[in-house]
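One structure, as C-alpha cells, below. Some questions next.
Labels run A, B, C and D following the written order; every chain starts at residue 1.
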C-alpha cells in the first residue's frame, strides 16, 4: 500500500476522564479532534470511556477470576486494544499527574505484558501509542512522561511527538472546550499550538502504524525474551 | 540492505556521569555493554564523556556567542549527534532523578529543536534514541521517563523498551561494576534482567535506525510544522 | 505535654495495595513496622485497606450523590482522616509509579481541598503526612515525589524524610516480606537502610504532629485564602 | 518572640535560571515578589544567581579538592545556606522539568547530606525550604515534585503549599514579567492565583522557620542516624 494510505488500520482511543459521562469530558473534546483526523484518513476508530465500564483493580488479566472482583470488563477492552494498531490514552490532569483511571489502564496493560505475540516478542510489539492530556492548570508533560514511558517499556513504539494537550494559564479557570462567554467559542479550540501538536501526533501515529504493518510487526532479532542469549548480547562483554 | 545489516549506521553514546574520569563511571560500564553489541554488529560508535568537555548553560545553540559563556564545546557534540542515526544517553541517578549533566544535554538538544531537517520536519526527525541508567539506590524508571519523554517530544522515535539499567537493593551499597569482594566479580554484570534488557534495547535501537534509514527518514506528511494546516488537521474539527 | 508524649495523637494508615486481601500485601508488611512504632508510643492507629471498600471515582466529595456512582465509602474514610493528626499512605510500585488506588486516594483528598478548617485555612492545614513504598523493582522515590508533593500542596506539613521504602536489586524478584528460602526469614526485614528510614519517618511524623497539636494547628497569618491581600503580599511588589 | 515576628530569621533565594544575567531571568521576577515579602517582615534575605558563580559538578563537597574541577564556588554558597533558616530555589521549566542548574544545586546539597548537625541529625534538620517555578509552557508541579522531594529527603521541613509558580496557556508565549503590549503591564503580575500562592508559600516558610527556631531545631528523638536502634524502631517488629 501507499505509505499514506491508512485505510486498513485501526485505533483505540481510551478516555481516562473522571467525568462519569463522556459528553462532559473536556479531554474527550481534544481526543475527538485527533480521532476525527484518523477517521477522515480511513482508520477504523473505537473510543472507549473507561467510566462506562466496571474495571477491576489488580495486577491480573481477569479481576473476577484472579482477584475476587465483582465485575471486570477489562478483558474485552484488552481484546480491542490487541486487535488495533494504535492506542491513544487520554487523561485529565489532577494535582499535576494522570488520573487514577489512566493509572488503572496502564496497570491492566502491564498485567499482560509478560505474554508473547506471534513472533515470541512481548505482547505489544508491533503496535504504537500516544497520549492526549487536558487540564486547567499544569501537568501535560508530567502526564505524558508516565504514559509514554509505560508504552515503550511494554513494547509499543513511541513516534516523534506522540503527546499533545491543552492547559490554560496558571490557576483555576476554564477547561478545554468550555464556552468562552466573551466570544461564544470553546476555550482552546483556536490554540494553534494545541491544534498543530494534535495534528502532528495523529499523523505520526498513523505513519508508525503503517510502517509496522508493512514490516509485519517490529523486527524480531534480539528482542525475543527467550532468545536474547543467542544474539550478540550484554552478558558477553 | 538486509534488515539485520547495520554496518552503515552510527551511534553516539553520551555519558552524563558526574565522575570526572570516564574510567570511574559505573554508568559507562553498562553503556559499554550496549555499545559493544552495536560495534560487533558493525555500527560506528562514538562515546562522549560530558565532563571531558566544557559545556555552556543556556537555551542557546552556542553559549559563547549567545550567552557570554567562556567556553562551549556543545556545538561539536551537537554536530556528532546530528551525523548519527542513534543517540544513547547514560545517566547516573542522584536523589531519584537524572544528573545535572543529563539535564544539561537535554537542554542543549532542545535549544536546537526548533530548527528543521532536510524535509522541513523538526531537526531530530529520522533519528532514534534510548537511555541507560545506573545507581545504587532507586530511580531507573524515573530517569527513563524524563529522558525518553524529551527524546520523543523533540522528534526522535523511541523504540520498544528503549531503556535499561541497574540498581541494587534499597539503600547505599555497591555500584554497577564494583568488585564483589566475595566473588571477585563485578556487581551487576551477572544480572540477567539487566543484561537482557540492555540487549533488547540495543537491538531495538539498531532495528529502528535501520527502518528509518531505509525509509529515508520518518514520513513527512502531517508533521512539517509549516504545513500542518494543509493536511487533515485538528483545527478542522 | 512533653514533646515526646504522643498518647493523645492519632494516625490513619491507608494501604493502596492492589492485593485484594490485606494479608497478601507486601506494602502492608512495611506499613505495619511503622504503625507498630506509633502504637508502642501511644498513638491511636487505624489501618485502612482501600480494596476492602468501594470507592468512587471523580473529583467529588460523595461519588454517589455527585457522580452517579453505585457506591462510595470514601466519605467515611475522609472522616477518619479528618479526625487524625497523621496520614500515611502506603503504595506499591507498578511500572515505576504509585498505584491507581493511591492516585484515587489523592484525587479524593484533593476534591475536598478547597474546603476550610476552623481557622479558615485550607482543610488539611494542621495535619502531617508521609508515605511508605514497596516494590520488587524500582520507583520508591518517584512514588514519594508524587505523594509528598500532593500532601504539601493541599496543606499537610511534610516532615524531614517523610518517605521510606524497600525494593530489591534490579529485575523481578522477591517482594518485601516474602520468605527467603535460603534463610527462612522475610526478604527486606533485615535491611538496615529500610528499617532506619522507616523508624526516622515514623518519629518525624509523631514529632510534627506533636508540634502542630501544641501550637493549635499551623499558624494562620498569611495563609487564609480569603485574607491573603490583607497581609504583606506578592501583589504589592 | 511573637509567633509573627520574623526579624531574627534569614533566607537564601537561589536562582537556577539559565539566563546569564539575573536581570533577564523571569523566574527572578517571581522570586523577588516572595523575597520582598520576607524583607518587609524583617527576614534577612540573600539572593544568589547561580550563573554568577562557577559551580563544579560531582557528588563532592569541594569540586576543586575532590573532583579536579578548575573552580568551585559552591562551598561559599553552601555556607550561606547553612547559616540561613530558609532556602528557596527558583527554577525555570525546560521540557517540563527543572533546569540543569537546579539539578546541580540539589546534587551539591545532597553531597553534604550525610554530615550531621549539632544534634547529630542529618545536616539540614532544623531548616525549611520551598520552590518557585516559572515557564511559558507547562511543568510547575513536576518541578515542585522533584525539588520538594529532595528537600524533605535530606532533612528540610516542607511547609504547607511550599510551591508557587506561573505559566501561560499551552504553547509558546510570553514569559512571566514580559511586557504585555496590549496593556503595558507585565504578564502574570496580575494573576491572582500566582500572587495568592506566592504569598501563602512565603508566610508558611516564615512560620515554619519561626517554629523551628523557637524549638531549637527539629526534635531529635528517633531521627539521629547513629541512635535509631535505641528508640522504638522498625527492626523490632
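Keep this in mind: contacts are C-beta pairs under 8 Å (C-beta built on N, C-alpha and C of every residue); 3 or more make two chains touch, one makes a residue touch a chain.
None of these values were measured; they are calculated from a predicted model.
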| message | With centres defined by CA atoms only, which chain is the most remote from chain B? | response | C
| task | Overlay chain B and chain C by their C-alpha atoms and let me know the rotation angle in degrees, rounded to the nearest 5. | result | 180
| message | Measuring centre to centre with CA averages, how many angstrom lie between chain A and chain D? | response | 36
| note | CA centroids of chain C and chain D: separation to the nearest Å works out as 24
| note | dist(centroid_CA(chain A), centroid_CA(chain C)) in Å evaluates to 30
| remark: In chain A, the residues touching two or more other chains are 95-97, 141, 144-146, 149, 153-154, 192, 194
| What topology does the chain contact graph adopt: line, ring, star, complete, or other? | complete
| note | Within their complex, chain A touches chain C through residues 18-20, 51, 57-59, 67-69, 94-101, 103-104, 106-107, 110, 146, 149-150, 153-154
| said: So in the complex, the part of chain D that touches chain C is made up of which residues? | reply: 3-4, 32-34, 36-37, 40-41, 121-122, 124-125, 141, 144-146, 148-149, 152-163, 189-190, 192, 194-196, 198-200, 202-204, 206-208, 210-211, 215, 218-219, 221-223, 225, 228, 231-237
| query | Can you list the residues on chain C that touch chain B in the complex? | reply | 95-97, 137-142, 144-145, 165-172, 188, 191-194
